[in-house]
Amino acid sequence: MAIVRVGFIELWVRDLEKSLEFYEGLLGFRLERKEGKSAYLRGYEELEWSLKLTQGDFPAVRSLGFKVDERGMEEAQAWVEQEGLPHRLETDWGRPRMLRVQDPFGYPLVFYAGAEKLPRMLQEYHLYRGPGILRIDHLNLFSPEVERATRYYQERLGFRLTEYTEDEEGRLWASWLHRKGNVHDVAFTNGEGPRLHHFAYWLPDPMAILKAADILAGARRTNQIERGPGRHGISNAMFLYLKDPDGHRIELYTSDYLTVDPDLPPVR
Amino acid sequence: MAIVRVGFIELWVRDLEKSLEFYEGLLGFRLERKEGKSAYLRGYEELEWSLKLTQGDFPAVRSLGFKVDERGMEEAQAWVEQEGLPHRLETDWGRPRMLRVQDPFGYPLVFYAGAEKLPRMLQEYHLYRGPGILRIDHLNLFSPEVERATRYYQERLGFRLTEYTEDEEGRLWASWLHRKGNVHDVAFTNGEGPRLHHFAYWLPDPMAILKAADILAGARRTNQIERGPGRHGISNAMFLYLKDPDGHRIELYTSDYLTVDPDLPPVR
Amino acid sequence: MAIVRVGFIELWVRDLEKSLEFYEGLLGFRLERKEGKSAYLRGYEELEWSLKLTQGDFPAVRSLGFKVDERGMEEAQAWVEQEGLPHRLETDWGRPRMLRVQDPFGYPLVFYAGAEKLPRMLQEYHLYRGPGILRIDHLNLFSPEVERATRYYQERLGFRLTEYTEDEEGRLWASWLHRKGNVHDVAFTNGEGPRLHHFAYWLPDPMAILKAADILAGARRTNQIERGPGRHGISNAMFLYLKDPDGHRIELYTSDYLTVDPDLPPVR
Amino acid sequence: MAIVRVGFIELWVRDLEKSLEFYEGLLGFRLERKEGKSAYLRGYEELEWSLKLTQGDFPAVRSLGFKVDERGMEEAQAWVEQEGLPHRLETDWGRPRMLRVQDPFGYPLVFYAGAEKLPRMLQEYHLYRGPGILRIDHLNLFSPEVERATRYYQERLGFRLTEYTEDEEGRLWASWLHRKGNVHDVAFTNGEGPRLHHFAYWLPDPMAILKAADILAGARRTNQIERGPGRHGISNAMFLYLKDPDGHRIELYTSDYLTVDPDLPPVR
């Protein structure tokens, strides 16, 4: 299936204002629309919203969005019917046609192709706030069956493996899978699930990662810095893990590597 | 045609030692092999060589290499036969099967799929020298017929347009075309040709661009700094243009943007 | 005389709102007070204001401020009396006792010791705006008699020479003089004067210099970027020269070197 | 006493070659001379050596060097005689006259004024190796009597307090004292002593701190990274703590703030 890239995440949060104070106020996400109990945000490079926050009674992940092309929409439709997966068509702001699916592992996937474009902000540097969040990069998912999920996402959804770890008995422990040409759009980590480990946004460079840590420290929010700044062995990326006010984990991430070669050997 | 990305460039240089003193000694390219009159170099992220320097009587561009997948090799073969383009099969170090073609505009293209992998150096930071050249990014070609070349590279070779400029009468003046998911693998600039304007390598971040300028200045080679450091309006990338000892122009380049979306509107 | 460092500059500007839009809005200076026709600004590291803008009929430099210690105030007083220089005592916001002097070369110097401290902002990173202006670094003055001015500032005012250039006949062409331990608090450049060539603010690192250029470009103010970003041969600092709305030249500057050694040989 | 700045440190190391592989090979210190069992190193900004390694039977700190001016040499001489401190005159490479003193707290201080200058390397960027160590910044000393040592270093040696911490009962727990105009040349930390906690070198910017961590990781020496990269609350500096092969702790440090103002209030 011609998935292009991870496209968005929708989270339930308990206090929308508090969440916006974190995502918009501290991290500098652009708030593009607030409507009812939902807010739509994006990074400075994105032409579509990529983060939707909806006020709910408890924190939860409502959607994991993937952008596909037009053919991909048909393939996705065929796939869900063939597999008998629960699904339905939906619309959202600027996204007239979305296919919501519960995948065989329980993850709430949403596929969409067309999207209305927001004005280009990439070079509006005078309007940047915070560390300069650019774009959504990946989702990291807990799964009790990493091996099976990894194989399924490769074979049925067209993802390509870039890195993996194994336990002492040679069983797959974690895997990194991509579509867009860097280390991952989705990763699976061994653990109780289906559950989100974290979602990640791309920053322009390692200095921006340091700046994000400084901003959190300046605002007396070091308790929300979970780990980093540091460099991952896997992916080679610079990172910072933060917890949002509901405990959703967001990673700020930059500087991994190009993975478009079809003969690229996965790194163990 | 399933071109994956720009893969390499081969240059004729008049004095191989002098060229190596520039590329290896100052810019820190990894010299992987020297054999006869040729040297093979790569960046720290690459698993294949991407720059071949061959001693010749005058400076020239010998090959513009594109990596394809296995199917792409067959498509390329079919294309050259169908178009009646001059071509032949070649081999080179670590590249057992290369299809050399003179394209309709006179550019010396080489297509290859399989390549032997060199050891992974990306995380061997203690061995980095110079500003930290990572990987080949793009080729910029002069052409007297930008419009026709752009259309041909889109329609026959599968490139996708990300940015373009027009003259006052609305004629295409320059175009940026990609395969690998950032702003370009190839660009066409209006001018006498077929001729190379420059080739470019990706650096890890803008600080590395500044470091490259410092290194050239330290070595009393400011005369080889042609332009920059600066940020391109087009591509949004940080850049530095250098002239090698033969006058070949190399750009150090970083931080453009993701272009994988099929509905990404080209920027005028 | 125990001058500690350059302390502030006061400029006449033709349109205070336009100037604030530049200094506060784009460059992110902290506006600490607006009163009548004057505005008081500072960088994030400073505990005292360092830039005063006063609306006037034409652009001009009203004061070049130097911080001294208590003994320095007495020494300054003795000096102006001994030399018979025009002078008077003044006060300003948070500076109860300032000695204004017209020095023998015509520069409008102001000496002050005590100053009320503003709240510490250095680590309030969540409140930073713009490239992160930290503190005033130096003044660069045009003078038709660089040699005499340099000698006078060394011998009578206690400045120490770090770098200098000479013309072909060995006459001093430009000089860099410091008190605070980096390359300069004051520089003299050959030219019609007494006149200000530029004043400079210290930024945290070279990335902040690049960010300033990006911000100006984003706001469509590239016409106000006069030169840079680049690295000075003299001082080794990264710099960007900007013109404010009245044509006053401000340099953003970072990363020169330590000059506290009494046996440091001046660089020619 | 007119101490200018911290000037050098001499360490005993068990295996000089192993230590040089760390300091010169990985951290890129410039090795300027090797003679008998000693090696003399410096950072790229320094005109004098600042790190002396001498092979010994066990790891130890042999000297804590402070640069003074000529008057300072006389003041130091008068001080040691007045206090009856054990002392003697010594010479070393490029340092014809050094006064070695055991201070009242047991620290092995060495004062020196004149020093032969080595060639200027600051702008020889093509010769930089490693993260770009610039200059010695400070010494951090364990002391069981922080309060007394701090007062003594202020009153007798002319240091100035910039920051301090207190325990719950208001007793001084740690203090930061400077001469050269940034946060410290010497710090005292509560603990068993007299003993060195760490010595620190200044790097050009936070990216260089990250690069140092990358280099250690690339060389499979993460076990020698003790803490960081991170930003200190105290001093505001970016840092990385490393252990050398003998367990001597070296800090890589950058971006604190200017402290020359006589009325700068110490930060608690």
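First chain written, first letter: the chains are A, B, C and D, and each begins at residue 1.
One rule holds for everything that comes next: a residue touches a chain if its C-beta (ideal position, glycine included) is under 8 Å from a C-beta of that chain, and two chains touch if they have at least 3 such contacts.
Computed from a predicted model, the values in this text were never measured in an experiment.
Chemist: Using the touch definition from the top, what's the fewest steps needed to get from chain A to chain C?
Modeler: Step count on the best path from chain A to chain C: 1.
Chemist: So which one's got more C-beta contacts, B-D or B-C?
Modeler: B-D
Chemist: Based only on mean CA positions, could you tell me how far chain C sits from chain D in angstrom?
Modeler: 31
Chemist: Indicate the whole-number Å distance between the mean C-alpha point of chain B and the mean C-alpha point of chain D.
Modeler: That pair's centroid distance is 47 Å.
Chemist: Roughly how many whole angstrom separate the Cα centroids of chain B and chain C?
Modeler: Computed from C-alpha means, the inter-chain centre distance equals 45 Å.
Chemist: Two-or-more-chain contact residues of chain A, please, as numbers and ranges.
Modeler: Residues 123, 205-207, 214, 217, 233.
Chemist: By the document's touch definition, which label belongs to this structure's chain graph: line, ring, star, complete, or other?
Modeler: complete
Chemist: Under the definition above, what is the set of chain D residues touching chain B in their complex?
Modeler: Contacts found on chain D: 26, 123-128, 205, 207, 211, 214-219.
Chemist: List the residues on chain A that touch chain B in their complex, please.
Modeler: 4-5, 45, 47, 67, 69-70, 113-115, 117, 120, 122-123, 134-135, 179-181, 204-207, 233, 236, 255, 257-258, 260-265, 267
Chemist: Spell out the residues on chain A that touch chain D in their complex, using ranges where they run on.
Modeler: Spelled out, the residues of chain A in touch with chain D are 206-207, 210, 213-214, 217, 229-231, 233, 238.
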